[in-house]
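Working notes for the structure below.
Chain nomenclature is as follows: A, B, C and D, assigned in order of appearance, with residue numbering initiated at 1 for each chain independently.
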Amino acid sequence: MILVLQSKANSASTDLLVQNVFAGLAKLGLSGNLVQSGDETLITVQEDTRALASHLFNQIPGVAKVIRLAPQYAISSFNQDKSGTTCGATANNRTTIKFANGTEISNTASGSLPIIIAGPCSVEGKEQVVDLAYKVKAAGAKLLRGGAFKPRTSPYDFRGLGKAALEYLAEAKRVTGLPVVSEVMSCEQIADAEPHVDMYQIGARNMYNYELLKEVGKTRKPILLKRAMSATIDEFLQAAEYILLEGNLQVVLCERGIRSFDTQTRNTLDLSAVALLKTLTHLPVLVDPSHATGRRDLIRPMSRAAIACGADGLIIEVHDNPQMAMSDHQQAITPNALAQIAADVQAIHQALTGDRESTTTSANHEPCLVV
Amino acid sequence: MILVLQSKANSASTDLLVQNVFAGLAKLGLSGNLVQSGDETLITVQEDTRALASHLFNQIPGVAKVIRLAPQYAISSFNQDKSGTTCGATANNRTTIKFANGTEISNTASGSLPIIIAGPCSVEGKEQVVDLAYKVKAAGAKLLRGGAFKPRTSPYDFRGLGKAALEYLAEAKRVTGLPVVSEVMSCEQIADAEPHVDMYQIGARNMYNYELLKEVGKTRKPILLKRAMSATIDEFLQAAEYILLEGNLQVVLCERGIRSFDTQTRNTLDLSAVALLKTLTHLPVLVDPSHATGRRDLIRPMSRAAIACGADGLIIEVHDNPQMAMSDHQQAITPNALAQIAADVQAIHQALTGDRESTTTSANHEPCLVV
Amino acid sequence: MILVLQSKANSASTDLLVQNVFAGLAKLGLSGNLVQSGDETLITVQEDTRALASHLFNQIPGVAKVIRLAPQYAISSFNQDKSGTTCGATANNRTTIKFANGTEISNTASGSLPIIIAGPCSVEGKEQVVDLAYKVKAAGAKLLRGGAFKPRTSPYDFRGLGKAALEYLAEAKRVTGLPVVSEVMSCEQIADAEPHVDMYQIGARNMYNYELLKEVGKTRKPILLKRAMSATIDEFLQAAEYILLEGNLQVVLCERGIRSFDTQTRNTLDLSAVALLKTLTHLPVLVDPSHATGRRDLIRPMSRAAIACGADGLIIEVHDNPQMAMSDHQQAITPNALAQIAADVQAIHQALTGDRESTTTSANHEPCLVV
Amino acid sequence: MILVLQSKANSASTDLLVQNVFAGLAKLGLSGNLVQSGDETLITVQEDTRALASHLFNQIPGVAKVIRLAPQYAISSFNQDKSGTTCGATANNRTTIKFANGTEISNTASGSLPIIIAGPCSVEGKEQVVDLAYKVKAAGAKLLRGGAFKPRTSPYDFRGLGKAALEYLAEAKRVTGLPVVSEVMSCEQIADAEPHVDMYQIGARNMYNYELLKEVGKTRKPILLKRAMSATIDEFLQAAEYILLEGNLQVVLCERGIRSFDTQTRNTLDLSAVALLKTLTHLPVLVDPSHATGRRDLIRPMSRAAIACGADGLIIEVHDNPQMAMSDHQQAITPNALAQIAADVQAIHQALTGDRESTTTSANHEPCLVV
């Protein structure tokens, strides 16, 4: 951390200022070095300050500006001990999440195949979701997604079947064995979903809903955390940190498109964020090409690209009859199209691993089982 | 509404398609006209479809695309009856919100002076907020703001004093008479705030938190709804619609900066959104120059600009000793600086109303008292 | 095209308005249909209006708004005849550009291997560029890139060696056989580059420089047109149209990152734009992962992703000693790293073509040789 | 400037690295201080490095990252000597540009009235522009704008009357006395415009066209430089620096809206950029509400806001019959509407200066006459 000091008229008043700042740091148990650069007087802090609140430094009289050299996400950060986990000694273990049926969502740097989560945008009925569950399983999906509570921009649009949908999802799981992921938007919905759902999704619209993040952090189910549509990478990891700090270490990140200026796609899929996240955090990173593009014809190429740049899996909206979907019909693909994508995933994964590949990122490691 | 039809290989299959779409519209009680434009076959819908869900149209077999000509915010829209209000006959009445002590937040098109809301970012103690309440009142503020529950990007930063802060705010109100506005982020916090707070703020991070919007929609206190940092105008008004639909008609909109690419200001203050909103909705529109700029030196010029382009008021962060503020210290101004801004507001308001001004926007109207 | 008419107080004045608009269309040799939709009166135009200027319609008295259903890029559009080319009968032929030595940049939908263009950001000396040319050729590059004239944000930074650099590039071509691509920013530079360069690059900063586009459109050398950092897809294709309209049909598009809000990468690589462009235009589409990310560690994953989503090639900055590069050193990779990427390209291309693949996009077609 | 050093495995190799960096700085005639902060080893540079190219520092072996504390625009910067000007001794003089007829565009911090430039988007004929020149002069404009060469996104749209338009503008100037500003997009157009135009406009699309900036920098006419639609403030000032470095010190900056995600306005007017620029540079700053909003109904409120936040003037598109305008008809206002805005400007200026105002920004100063 670097503290930029206020400018003073003369050297005597600067001296006093500097003394005050050193005294302020000392109260926090910290020490610093004084340096001059161009017109600026700086004090660099020697210790690690990531878990210290910014106002502690701003409040030191004489400090004009605080420059952090390291971001504020201690637990999700790649090079950190995840104390309190079962990981034990090794700091660099990547997170693997294991469901009761053995299904895993894990960092694929170890060479495991990326996972596919699929299902309808909205659960529209028991028959529909059970039928689709069979079909997406046959096409290669390992988890079932389905919206029970739907956040919709317009209050006049379809907002989901609610609790009934949760029961339909549970039935689909009972017959297919697929673990179920579904979005929750409030404490009440967490309670409703608890008996039926294996993984809670926090949607893009609620990434900054810190009260909700704390609530799901108190549960012990895995969390699928989607990036808000204008969240920086730092904000995304700090949102994850809210969950992790409550003791729930089973967080999976999901890039789903950011808001940009072009109107031909629903959002702009930010795949370099995926490649970047893989260098910053041990958490798995998925991609949602459905919401990112909002266009059926772009789901396949963007799924391919996501896997090629290192995503640990995909979450895709599937509908038997996309035109009839009660929400987001433009982006739903058929089970057949999903099967093609699953084949693509396998082909790309195989092409980029195997004998010809020996990069540092695929170094052997023991998975950290947090379940 | 315009429905763009799928292309068909020959005119016979197109004829069938068209028949199906007309039949689909008929089931919804709607009628349409068939037209050809370039390569496209279109059916235009005759009736008002604003309160009808989009999937109803997408599901009609043969429809490729739905183009809405009018946005989906029936209640907040300028030209709508606000049925259920006390407004009575006139459709174009603008909303005025009246607090128990007679203070009003109202659409200033009628000529009333824009309002100023001020106070600390975070409530830091009883003495602090009481003292500041006196000072901002003396400087011209008509409501007191103060954060009890603070949404913070980093979980390691100061998150507010919570319930204690609510009591301090109530005390500040008791001694100064200023109504109090404070942010709530969950149902639990609404319950905590209920006895102490006169107006609930929904922060920018929670504008898409539809569960929370519905909850505050069920209360009968005025709501200060801030625009999310990448919300379109349509999304902003649709968020307001969630509150209005629950029967709470006392909604005040607040522009607080959007996310853009430049890093020299915290956000980009979107003042044309303010001017635009004044043409679209009867709800009052405030501006928060503090969060928009994040820079103390830009609060005054941007406050002036906000009033000049038609904002109905300002909400400004004030601190006695900005450097010592426990949150957002870079953007806090002193009570003295607030007094200068209050004088600016008065000067600009006077310059732009009075004899020389007779635009259609300042036409006489009876205020719609929704309290 | 749809014309939205102004609202009128009564049906008589609306009738007059409608007559006027029909008369206005008739003067342009066009016809329309009158329809009513909600409160709006519309006239839909029957004919194709893509090559007609917008003001012709705005000027018709009574027209409030013009909605185009088809974009204004007639020549680059996928479904258009490229009259004047040697393509002959088939409208859907994709463009292939052929250099004197047989190297081709072509739409890879036909199954050809994506191309790699590589070389230093700036030409720094004869020895450097000749040496690098050998190395990037050995690593798999088919064209040599190198900046002679460098657009730099700061006028105090290194702006390239100018004409001397062009001669060094020519020498590198002479010894390696690699065709050379280099950026031009003015007519004068086009003249300077003419004897030495095989393909002119129009950089992102000049995509809206229509005078320059017209100038290179008058040459008969292939053009590498980079997308401006906040250009919409429509604007990008319309910029290409400026070149095509001058009779130069050898245009290659290049996505190189758009401006967004996150600061951890130089730009945001918009790969869905690549997939989208492949559905809209017959022109080849390349990706520049170097400028898009600005980070050496992200070049490889994003190169993989680009090829996976259908890019027809890559343009990558290479330096023997990246730290010593006189411009953009953070994003330069070594020749060895380039060889890894070339192997990736081959592996992904093979994985996604071959027996298992039979999508409509890889349908057989005869390449359209425009040289 | 702060240099962040590469991490090394042990202290011996770090010592060597540090020695190398100090040696590298010494070669540049610079000195530094070594400090440790958290895990990072830093060397802070003591001297002013603004006019030194970045690659000089990146090339020093051992340097991982260069952090500039001051931006790279030495001449436009507020606190710099404008050596070579007639300003003489005082460094903080603000720029005033004086035309032959006595008209001035100047920094209004001195209390002068903001200037209004007005005229048609495109010159459409001699009669039109002469007639409009009379009318905008009567309404309060001090310069006449008019497009002869029009950059248009679609090559199929009207691109201006070219040289003939320049003669019409000259005629309009002859009869009204109003100095003329018109856009140039190439060297050739500069030559064409030279006899007829008093101020060259560089449009938003050409702000990054450094060759053009250098060309107009070689002329001795005032330049109106518009901000590119996604230019940062730093890039904007660095573009100005290209002109200033050629010895032309008569640069006027113009904010005209940035590209954002909302589609209801053409661009997003960034007024905080105006307030910010007034703290960073001595150059005058104008606002173009016409291109920023693209909507006739928002020109007046945004003109008011621009003046209120400190803009030194406005440039506004006016047409006698906006519907008939051959370009940008949606944003043209009538001469009558311009007169209202001129009255607003005066009213706001008077309200915010005069007796009640005594801020530091309106401190007395001698205008720097650069003509």
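We adopt the following convention: a contact is a pair of C-beta atoms (placed from the backbone, for glycine too) under 8 Å apart; a residue touches a chain by one contact, two chains touch by 3 or more.
Just so we're clear, the structure is a prediction, and the values are computed from it rather than from any experiment.
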Neighbouring chains common to chain C and chain D, by label: A, B
Chain pair with more C-beta contacts, A-B versus B-C: A-B
Chain whose Cα centroid lies at the greatest distance from that of chain A: D
Rounded Å distance, chain B centre to chain C centre (Cα mean): 41
Chain B and chain D: spacing of chain centres that average the CA atoms, whole Å: 33
CA centroid of chain A to CA centroid of chain B, Å: 29
Touching two or more other chains - residues of chain D: 230, 234, 259-261, 263
Chain-level touch network, classified as line, ring, star, complete or other: complete
Chain D-touching residues of chain C, taken from the complex the two chains share: 50-55, 58-59, 61, 63, 72-74, 151-158, 185-189, 205-206, 208-212, 229-230, 234-235, 238, 241-242, 245, 259, 323-327, 329-330
For the chain D and chain A complex, residues of the former touching the latter: 1-2, 4, 33, 35-40, 42, 44-49, 69-70, 259-261, 263
Chain D-facing residues of chain B, complex: 230, 232-234, 258, 260-265, 268-276, 278-279, 292-293, 295, 297-298, 301-302, 304-310, 343-344, 347-348, 350-352, 356, 359
